[in-house]
Amino acid sequence: MAGRQTAREWPHYATFVVSFLTIGIIWVNHHGQFHRISTVDRPLLFLNLLLLMFVVLIPFPTELLASYLHAGSDQHVAAAVYSGTLLVMGLCFAASWRYVASHGELLTRVISRPELRALTRRNAVGQGVYVVALGLAFVSAPVCLALCALAAVYYTLPGRLPEGDRDIA
Amino acid sequence: MAGRQTAREWPHYATFVVSFLTIGIIWVNHHGQFHRISTVDRPLLFLNLLLLMFVVLIPFPTELLASYLHAGSDQHVAAAVYSGTLLVMGLCFAASWRYVASHGELLTRVISRPELRALTRRNAVGQGVYVVALGLAFVSAPVCLALCALAAVYYTLPGRLPEGDRDIA
Amino acid sequence: MAGRQTAREWPHYATFVVSFLTIGIIWVNHHGQFHRISTVDRPLLFLNLLLLMFVVLIPFPTELLASYLHAGSDQHVAAAVYSGTLLVMGLCFAASWRYVASHGELLTRVISRPELRALTRRNAVGQGVYVVALGLAFVSAPVCLALCALAAVYYTLPGRLPEGDRDIA
Amino acid sequence: MAGRQTAREWPHYATFVVSFLTIGIIWVNHHGQFHRISTVDRPLLFLNLLLLMFVVLIPFPTELLASYLHAGSDQHVAAAVYSGTLLVMGLCFAASWRYVASHGELLTRVISRPELRALTRRNAVGQGVYVVALGLAFVSAPVCLALCALAAVYYTLPGRLPEGDRDIA
């Protein structure tokens, strides 16, 4: 029956939603980051290219995890590949941000210490969740996926940035 | 024969046209909406992300409905999934518009009561058509699809907005 | 052998090149058209949406023609569908241009009679080639495809527009 | 086992990374090129269209090479098609740059002799690597792919351009 068949497809819906939100949040944060950047140099362009490469990759581990969750076997490696891809993507974003932070001449204005700390902490929380998700992939693939979803939800919340910066990051 | 085979593919053409026009209209209306917005805050960005997620989803229920219409069985659930997706997408659009309307500081200029009523009414008509389409999905899948087409045609007509606003919404 | 197999795929290469160039030329001409437009109204938006729908459709008749040329049978209907899609797309472009031409208030500057005649003639030549291609589809599918390629080449040549307009159209 | 299966897919990962970086670098260089261009004329538009056509083609020889590397036979023709496509794409880029260089009126400012020489040399190095890769395709497909990767890495390095131009090309 089409109804039951549609329901059994939950891994495809769940992984689609998590991946879509994650890419969306990367896009929002990337937008916030480039809002603060006035000039782009060659290393930053290639760091961005690297980030983009992992963003473009996401549909593949998403499909991989969805089909293994659907098949009901060998889910652990697929979940590890999935959360690992998100982790590496997060690290690329962190690297490009770290590069910008240490090259003040690329920024539109001076970035304050507390602001930098807040941004770095926020980024580290996400990476931490992905590391835990990667570890738990070998225990339970659905729990690993749920943790990745949690990381996405975390980033939708406005950060506790110093006043006047609530709109970005 | 290629001719007859091509003709038998009508569900793919019909669902493609309806989905394309619906996405096109969402795009035109979204354009009209953002024409009136001067600032974007975090909640609006995520409401937009939610809308975009359902827009991106549309090809899947479109393909689902096309193949079930083509196969000639189990069309009802597919039609319900299709019209349901359009309904939820419309609700996301309504939610983002409602959020903007209640946060005057995001708008380029003050929005008048009659204008707001006209826009809300117009949006409600579309949602109403989708609700009826969803209900009729279990009676006849082609009628459900025809109603979704009707909603698209309705939105192509210029709204009866107060003077000076005919260009948007 | 991979070499011979690759060579036998010529219908996929040929149809890809013709379709790509056709879409590219539509894009260049569309760019030229919107260069002359200052305001967009609702009918023009929907005429554009209609044009875009046929542009988005092109990959499907392209694939259809490629596989029937490859299979070596029933090519005529596929060629007719292909050239017919290009014809309808051309008519959509002509319709949107006709609409703009008769709504002078949408233009950045007044359009002269000779310029309008030159543009209309140029557009008519393309439509004429597509009509002939459509007719010849039932005689020879490769000739039909070659004519569509010819139409694309014709549009790459700079038009004989009055001085000062050579850059567009 | 999912793990081993994932590992055996290395040709898909390797070709994806090489193709992605190559397209990314074309994009960065294209960006640098258009940074120096103030006006676009019809021939340049079509040279760009030609370049874009080969960029859009890249996923197909990429997939071709990946599957033949994976299958372990007939890799040579696939590698030749792959490196040949990159070579032709590079030649299109060189052609559009040559056209711009000989039409000074399209440039934002006069281009100096040493700068032009540096850009031409840099471009020629890339083409040379692709020519060698194409020749070696018939000896070893993985070596051919490695050379294409090397060309990509070469372009990520900042060129030895005259002072003040390090940001581009």
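Which chain is which? They are A, B, C and D, in the order written, and residues in each are numbered from 1.
Heads up, the rule we're going with is that a residue touches a chain if its C-beta (ideal position, glycine included) is under 8 Å from a C-beta of that chain, and two chains touch if they have at least 3 such contacts.
All of these numbers come straight from a predicted model, not from anything done at the bench.
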* **Intersection of the contact lists for subunit B and subunit C** => none
* Asked: Copies subunit C, subunit D: same or different interface, half of numbers shared as the threshold?
  -> different
* To do: Just give me the whole-number Å value for how far the CA centre of subunit C lies from that of subunit D.
  => 29
* Whole-Å distance, subunit B centre to subunit D centre, using C-alpha means? -> 41
* To do: Give me the residues of subunit D that touch two or more other chains.
  => none
* Structure fact -> Per the touch rule, the subunit B residues reaching subunit A in their complex are 41-42, 45-46, 49, 52-53, 56-57, 68, 74, 76-78, 81
* Which residues of subunit C touch subunit D in the complex? -> 1-3, 6, 16-17, 20-21, 24-25, 28, 156, 158, 166-167
